[in-house]
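Below is one structure, written out as structure tokens, with a few remarks after it.
Labels for the chains are A, B, C, D, E, F, G and H, by order of writing; each one numbers its residues from 1.
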Amino acid sequence: MVDKVLQVFDEEGADYEHKVLSAHRNPDELQRYIQETNARIFVAVAGLSAALPGVIASNTEKPVIGVPVSAKLGGLDALLSIVQMPPGVPVACVGIDSGENAARLALRILLSKR
Amino acid sequence: MVDKVLQVFDEEGADYEHKVLSAHRNPDELQRYIQETNARIFVAVAGLSAALPGVIASNTEKPVIGVPVSAKLGGLDALLSIVQMPPGVPVACVGIDSGENAARLALRILLSKR
Amino acid sequence: MVDKVLQVFDEEGADYEHKVLSAHRNPDELQRYIQETNARIFVAVAGLSAALPGVIASNTEKPVIGVPVSAKLGGLDALLSIVQMPPGVPVACVGIDSGENAARLALRILLSKR
Amino acid sequence: MVDKVLQVFDEEGADYEHKVLSAHRNPDELQRYIQETNARIFVAVAGLSAALPGVIASNTEKPVIGVPVSAKLGGLDALLSIVQMPPGVPVACVGIDSGENAARLALRILLSKR
Amino acid sequence: MVDKVLQVFDEEGADYEHKVLSAHRNPDELQRYIQETNARIFVAVAGLSAALPGVIASNTEKPVIGVPVSAKLGGLDALLSIVQMPPGVPVACVGIDSGENAARLALRILLSKR
Amino acid sequence: MVDKVLQVFDEEGADYEHKVLSAHRNPDELQRYIQETNARIFVAVAGLSAALPGVIASNTEKPVIGVPVSAKLGGLDALLSIVQMPPGVPVACVGIDSGENAARLALRILLSKR
Amino acid sequence: MVDKVLQVFDEEGADYEHKVLSAHRNPDELQRYIQETNARIFVAVAGLSAALPGVIASNTEKPVIGVPVSAKLGGLDALLSIVQMPPGVPVACVGIDSGENAARLALRILLSKR
Amino acid sequence: MVDKVLQVFDEEGADYEHKVLSAHRNPDELQRYIQETNARIFVAVAGLSAALPGVIASNTEKPVIGVPVSAKLGGLDALLSIVQMPPGVPVACVGIDSGENAARLALRILLSKR
């Protein structure tokens, strides 16, 4: 799924950083990265109990896009984990395994800024 | 759900237009509105077979946020209808009945533009 | 699934037009086709957030049959997107991947007209 | 749900017969009625293991519309029982508790005959 | 699944008749068979909208065992169609694809008669 | 649900014993009861992780009927816990909250013995 | 649900601290608390996209118990968010709304230490 | 799944006993083992109607960890059977097929005892 995100960014000539960080396994490094990066938007790809997009959204005021990955239960677990955020911490969820739409949504947000 | 969206926009001092249009019942009027409005972002609230966010996204290049409403099956029908978009037509889906997060996501997108 | 629909029509000697149009990717062309065609009934095959049957039904007074395709979640997303239409915009939904029954339902409707 | 079907038929001036028959509890009477009626189309409302629409469809060549009723599991049981018909025995399924759309679909089929 | 049922009956030395009949495609022949057979118990194997066990149960006072087959949605459609019978028409449902347990349940019922 | 089972048995003049025992909370007492009772058939009513019918079936060769009760998730948890038994330990599952059908199934089994 | 946890701890004479912290809304305070507390075990109660138990488990080596709360979809979203943790970050999940079992599981773990 | 549990225990140098016992097929032997073993914690792996963890938990005061295995329905049946325990009989459920997390949870519990 990450590959698909990057492929669309490459095709469209968008700048990006690609990091492999887990909300559950690299919490400190993730925290630091969120604070230090100049990225204007986050695209987080995660499966199972996919906490990554929500954890990012709770540590930044920038837009966060989440991509649920189908590892178990057809991806229903990741979809619900990403989309059912509590009030005040919004995540923009796209379809299961839909890396392409995550990238295209990011581009819509970035292009609409001009 | 729409009330909650507007309440957050009012609290945060955001400008907005509020229209009641259905993808299924007012297709022509919807089409016209999408073309004519100066809105920089769309927030679409819909239940059941919630086609509205996707239909808007297929008629504009601006960001579209979808809010699934729980009318039947706890809102699972609306959630899947909104989030499972085909490649190339992205919709930013928030949680079931989560009008607040739709508004907050919209504000993140708009504020990140400055 | 489309192949199965056409195969039944061929076997039964029914006239048909076959078009590849997406509610999300070809909205204008779809609109035009719905207005111009002489078809007496529509059979729409779609997966994921399967808006096609509903969008057709909202632009015609003719009967519309929808076939949900299993792309993700075993087709549950497409099934709910097609069948859970709002009041006033009816779609006749058949089983997941059931192109054959869509064609047979169409024939029942057409034959009952004589 | 049946009331809603009849209300639409009354509003639109459509002729109809209203029978209370169960596929499971009145199999013989149901069989007889299917053979004897002059109805041009069937609308069957059923909940739980909703066999009625399918049983009618297997005993007639006329179009059959099924309305799943939400008695348990939000109506998911009735929806799947009605829509997941085996190849060769088509049923036109509408949304859960959607008596109105069943009637409107019936009218579309009947009106398209002229 | 049928093979597994028969294999257990063979192993246990139980007498049985094996018929291939569909509630939807052979309704008349099914009806006749139910009336004429000397079987003391029915084991019905069915997938999708699995009406067979319920239709048999509505035409006999003998015990009926249903086996849901996983054709779509992992067999959830067949499971709900078989198990969610309306009051007064009981079916004994076993697990998805569990032909073995259907046969063993039949044997328990038959042996308990002595 | 238990009340409904007993009501049908009372109406039909069937003898029964009524015990309140949990597979999880009274395992020893349950075990003893299964061995000592003269009952020819068991009807077990249980919710949540409904282990009772399966535990009885693993401790007897008599027929066991399970009734899933809707305590959470509409009863889907109890339904799957009761019906999805491993090979060799059959349980006859009826519909969610369907005490009536459990009793009627028991009567069919008992009456077929004569 | 929290009340039920505390009630069992009170009844059993267990020491505890009670904090209201959200993984999404108080990430820094949560982090600090996890590092500073002398608690030997964590019980985390959360609904929707219930990231709290997993985030705690990723910041401590102590046992973490999660209680999914039914806010939407009967609690299926919280259940899957809590239980479907990635390899290496274990959470002990109990039933939906089952504060009592969370407390009893904690006591089993603590008492087994002696 | 069992292999994965043992592999983690081997890597971490933990002592363990490995038994193959079914709640449904070896109830007496299981009961005896639970009473006689010196194990300080139980890890039970089970699929379908996964009664094993709950039955162990009802026969001991030690902590019990359950691992749902995906045999049917993606493991949803086993997950609900294991996690939805009645009040008073707690089971610590980990993710579907997640033998690794079961072992790691056991180690957290055991290590926290020192």
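Note that in this section a contact is a pair of C-beta atoms (placed from the backbone, for glycine too) under 8 Å apart; a residue touches a chain by one contact, two chains touch by 3 or more.
Quick caveat: nothing in here was measured; it's all calculated off a predicted structure.
Participant: Quickly list, by label, the chains bordering both chain E and chain G.
Facilitator: Both chain E and chain G are touched by F, H, going by the contact rule given at the top.
Participant: Mind checking chain F against chain H and telling me if their interface is mostly the same residue numbers on each side, over half, or mostly different?
Facilitator: Same, since most residue numbers here occur in both copies.
Participant: Which option, A-H, B-G or E-F, should count as the same interface as C-D once over half of the contact pairs match?
Facilitator: Matching more than half of the contact pairs of C-D: E-F.
Participant: Taking each chain's centre as the mean of its CA atoms, how far is chain G from chain H in angstrom?
Facilitator: The computed centroid separation for chain G versus chain H comes out at 19 Å.
Participant: If you average the CA atoms of chain A and of chain E, how far apart do the two points sit, in angstrom?
Facilitator: 48
Participant: What whole-Å value do you get for the distance between chain B and chain C if each is reduced to the mean of its CA atoms?
Facilitator: The mean C-alpha positions of chain B and chain C differ by 26 Å.
Participant: When the C-alpha atoms of chain A and chain D are each averaged to a single point, how far apart are the two points in Å?
Facilitator: 45
Participant: In chain H, what residues contact two or more other chains?
Facilitator: Where chain H meets two or more other chains at a single residue, that happens at 48-49, 72-74, 76, 83-85, 88-89, 95-96.
Participant: All pairs of touching chains?
Facilitator: Contacting pairs: A-B, A-C, A-G, A-H, B-C, B-D, B-G, C-D, C-E, D-E, D-F, E-F, E-H, F-G, F-H, G-H.
Participant: Flag every residue of chain C that touches chain A in the complex, lowest number first.
Facilitator: Counting only chain C, the residues touching chain A are 48-49, 72-74.
Participant: Residues of chain A touching chain G in their complex?
Facilitator: Result: residues 22-25, 27, 31, 47-49, 51, 54-55, 57-59, 72-73, 76-78, 80-86, 88-89 of chain A touch chain G.
Participant: Which residues, counting only chain D, touch chain B once they are in their complex?
Facilitator: Touch residues, chain D against chain B: 70, 74-76, 95-97.
Participant: Help me check something: in the complex, which residues belonging to chain D touch chain C?
Facilitator: 40-41, 61-63, 65, 79, 83-85, 87-96, 98, 100-102, 104-105, 108-109, 111-113
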